[in-house]
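Look for subunit A in each of the two complexes below; its partner is subunit B in the first and subunit C in the second.
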Partner chain A sequence: MKANGNSLRKYFSFFRMRFQMGLQYRAAAAGGCVTQFLWGIMECLAFRAFYEADESAFPMAFSSVVAYVWLREAFFALFTTWNTDNELFDSVINGNIAYELCRPLSVYRMWFARTAGNRLANAALRCVPILFAAFLLPEPFRMTLPVNVQSMLLFIITMFLGAGVTVAFCMFVYLLAFFTISPQGLRMVFTAMVQFLSGAIIPLSFMPDSVRRVLELLPFAGMFNVPLRIYSGDLVGAKMLRAIGMQIFWLVLLTACGKLLCRAAERRIVVQGG
Partner chain B sequence: MITMEHVYKSYRVAKRNAGMKEACKALLRRETQTVQALSDISFAIADGEMVGYIGPNGAGKSSTIKILSGILTPDSGSCLIDGRVPWKDRREHVRQIGVVFGQRSQLWWDVPVLDSFELLKDIYSISQYDYQHNLEELTQLLHLQELLKIPVRQLSLGQRMRCELAASLLHSPRVLFLDEPTIGLDAVSKLAVREFIQRLNAAHKTTVILTTHDMQDIEALTKRIILIGKGRVLLDGTLEDMCLLAGKPQSEESRFGTKKHESMAFRQNADKTEAEDDTASENDLDRIVASLYQKLEIL
Partner chain C sequence: MNTLYKNISLYFHYISIVLRSVMQYKTSFFLTVAGRFLVSFNGILGVYFIFARFHQVRNYGLGEVFLCYAVIQMDFALAECFAGGFLRFPGMIRRGEFDRILLRPCSAVLQILGSQFEISRIGLIIQAVLMFGYGMAVSPIAWTPGRVAAVVLMLLGGTLLFSAVFMLEAAVSFFTLEGLEAANILTYGAQEHGKYPIDIYGGRMMKICTYMIPYTLIQYYPLQYLLGRTQRWYYGLYPLGVVLFLTVCVGVWRLGMHNYQSAGS
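Our next item is the complex of A and B:
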């Protein structure tokens, strides 16, 4: 048990290192905040126009949509598959992975910890100003508090689960670097696709029923979709429990497969650049 | 104790001619070629020994180091370091070794050196006491006091290499692999690195395996040389043996003759002559190695 504690500590150190590093990029965070905020306003205005035409035609209350949009902007860096850690790709491409392979570590766990730390740092820097501004906006566009304490707690829990699913999925994208000369092409395909499937463009409730039912079975539904809809009160009861179950299922399955793939990658490794 | 027996390693290399037409053809069908990086490498190195592992570019030096450090798996052959097979007991094995790749960096670019050291402390589960003790010793020997709080991106190459050496030694490894540790360093930094390696070996009996193209590194540090070419061990002996193999015994003789028997008085009273003599003999040594490598090409 002690050995286990020690080994977790290593990975936590990687997490902390990447978190600290992420905190020092202030200009990037400021730029990110402005972009996200403007994007959020634009989307709120667009939805407003649709809702004014016929509010009853939409599956979510307008205030829920607004909360969804603001949370998505605030925690964008945590859930978006765009936010890949290029250091990890680079280490394979330029061969610095050699150093990481001569440490008493599991490459999978280390990368997982690093990329989770990076995401959390990025989100921590961006969420406070965005949410602060969103709470100050005039009425229809103002960010609302969750309906009750329970949904707040569930939001926090599912947010971490969702971040876990996102990182576990991104690990596949990182591991691609071992199998191709340049992973960027495949990265573009995956990230663009997942962006749509995870509810980052529009909430999944807006999809046609048959499509939505399929999407909810995929791992991507656990990323933006679940925590954000729980916060805004759109996902409750049995449906919510099923969604959380799916998050846990995919987190376990994706990490297990990722570890296997990582082991295969380690075996066929060639350190590039001499 | 390090033993390598009959180790083979090959790589597949993609190959095509230059030009657009060839590039398009390669989209459909890749031609690959198997390159034999190591063929039948065998040697044994005792604890506390310092060995120079040399050979021309592409001879297989780095491949050997990567096999010894558990990164690569050889096609066949056996390798034991302190009773462990590097690529099988990778995690246990790498606890006992330190590696410096002169052309890469293990320090985190955007944070102070000390942060990278602290991370290594956790990675290797180094106790606070040992960490403090090793850090103090390394800081003193490598003159790192001023450097530890500076982000790595702002260090010069020489400063960074000293920090890299310290980083590889924080966990008191029994074996140290140095892959071109002095590449690109100025004369002062080179001397500092060499002096440090010597002291480390003397004080802690650390086994050191050094690959380099700088023959002065070899001359200053190692008694034993393993020379490889095209993936084979060509010579396992002393610097003198190597010069004999190169077939220029007389210039070599004079070189070591003066070096060994020269008195302090001679050194001091003839600064200029000595400087000239030194450059001349450096060139000699490089020339010997060059002619040796050329010979190997023919073999």
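Our next item is the complex of A and C:
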């Protein structure tokens, strides 16, 4: 048991290292905050126009949509699959992966910890100013507090679960680099699809019911969709429990498959000299 | 006249080199095209699903929004294609490559424009054409020579406007020596949110997008003429106003060039 605790500490230090490194990029985060805040305003204005066009067709309360938009902007770095760690791709291409394989550590866990640390740091830097500004906006675009303490807690729990699913999915994208020489194009194809399927473009509630029902079964629904809708009280009761169950299911399945794939990749890797 | 001819042939020479180098990595190229295609297809799908629910917004139907979206997407793709060099300019400054450009007996702008030719945007352009076709088929527009001319002007003006914004962003890096991430809202943000006619965002946004960055000149006003919602035929000529904005951007660029001191790397 003690050995296990020790090894987890190693991965935790990778996580901490990336987290602290991520916190250093404050100027970039400041620029990002401004862009994302303005982006959120445009989104809110567009939703407002649709709300005025046909109030009855609106699938969520307007304040829930506003909260969804602001949380999406605030935690974009946590859930977006755009934000991949290019150093990991590069290490496969330039051969530095050889050093990583020498370490008495699991590549999968190490990369998982690094990615998680990176994402959390990026989100931690961006979420505070964006949410602060969003709380100061005039009605109807003001960010609202969660409906109750319970939904706040569930939001935090599902946010971590969702981040876990996102990182587990990103691991597949990293592992692609082992199997193809040009992972950037494939990365783009994957991330583009996931953006839509996770509710980053429009909340899944806005999609036609038949499409939405299928998408809710996929792992991507657990990324933006679940935590953001729980916060605003749009996802409650049995549906919410089912959604959390799906998050846990996919988290377990994706990490298990990822580890297997990682092992297969390590076996067939050829590191070129030079 | 002779120098103009020389510059143009030099530009095409640059482009042919860029294209040949891109074609060395064919798989990567095709996957990038596919990726770009999917990214913007997301946006189209989003609009489609939203309209399946709401049918109209401020009296614009799906077909009309698609027309507007197609034109903006085409503008942006063409601008990225021809003026994409400006987007990489902050990196050029930081790495000191711009100093090398200044040493050559040839216009700096020409060399920057020639340094990039984003042929991978071809996927976006095809997509925009298809979207435009669909929009044209479902919205009842009586096509007249004036309206065709308005579309052509929207495309020309829009491409010029986005290129001018790219240039302005690049010019800012003369002073800051790094890219300005917040400026993304003016380019990628305008491409994304310009899919809806600007008046749906309200009166304040209309003013900002007319007097600060003149997006309404290439989108809202000519669109009103195109859709037959106004008697004012001269709205179709509004894209020409972009030239004024371009002049300002060129002014800022010149100012930046004049004060450039190099990053020292």
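The working rule: the second predicted complex is superposed on the first by the 272 of 274 C-alpha atoms of A that agree within 3 Å, B and C clash if a C-alpha of one lies under 4 Å from a C-alpha of the other, contacts with A are read in each partner's own complex, and residues count from 1 in each chain.
We take it that contacts are C-beta pairs under 8 Å (C-beta built on N, C-alpha and C of every residue); 3 or more make two chains touch, one makes a residue touch a chain.
These numbers were taken from a predicted model, which means no experiment stands behind them.
Of the two partner chains placed around the shared chain by superposition, subunit B is the only one that A:G95 touches, whereas subunit C remains out of contact. Using the contact criterion defined above for the overlaid structures, shared-chain residue A:P104 touches subunit B, although it does not reach subunit C. Judged by the touch definition given at the top, the superposed model places A:A238 against neither subunit B nor subunit C.
Of the two partner chains placed by superposition, A:V149 touches none, neither subunit B nor subunit C. Once the two structures are overlaid, the count of subunit A residues touched is higher for C than for its counterpart among subunit B and subunit C. Residue ranges of subunit A in contact with subunit B, taken from their complex: 6, 9-10, 12-14, 17, 20-21, 24, 94-96, 98-99, 101-105, 267, 269-271, 273-274. Per the touch definition, subunit C reaches subunit A in the complex via residues 25, 27-32, 34-36, 38-39, 41-43, 45-46, 49-50, 52-58, 180-182, 184-185, 189, 192-193, 196, 200-202, 205.
Every residue of subunit B that touches subunit A in the complex is listed here, in rising order: 11, 62, 66, 69-73, 90-92, 94-95, 97, 99, 101, 103-106, 108, 110-111, 115, 118-119, 122-125. The part of subunit A that touches subunit C in the complex is made up of residues 28, 31-32, 34-35, 38-39, 42-43, 45-46, 48-50, 53-54, 57, 59, 180-182, 184-189, 191-193, 195-196, 201-202, 206-208, 211.
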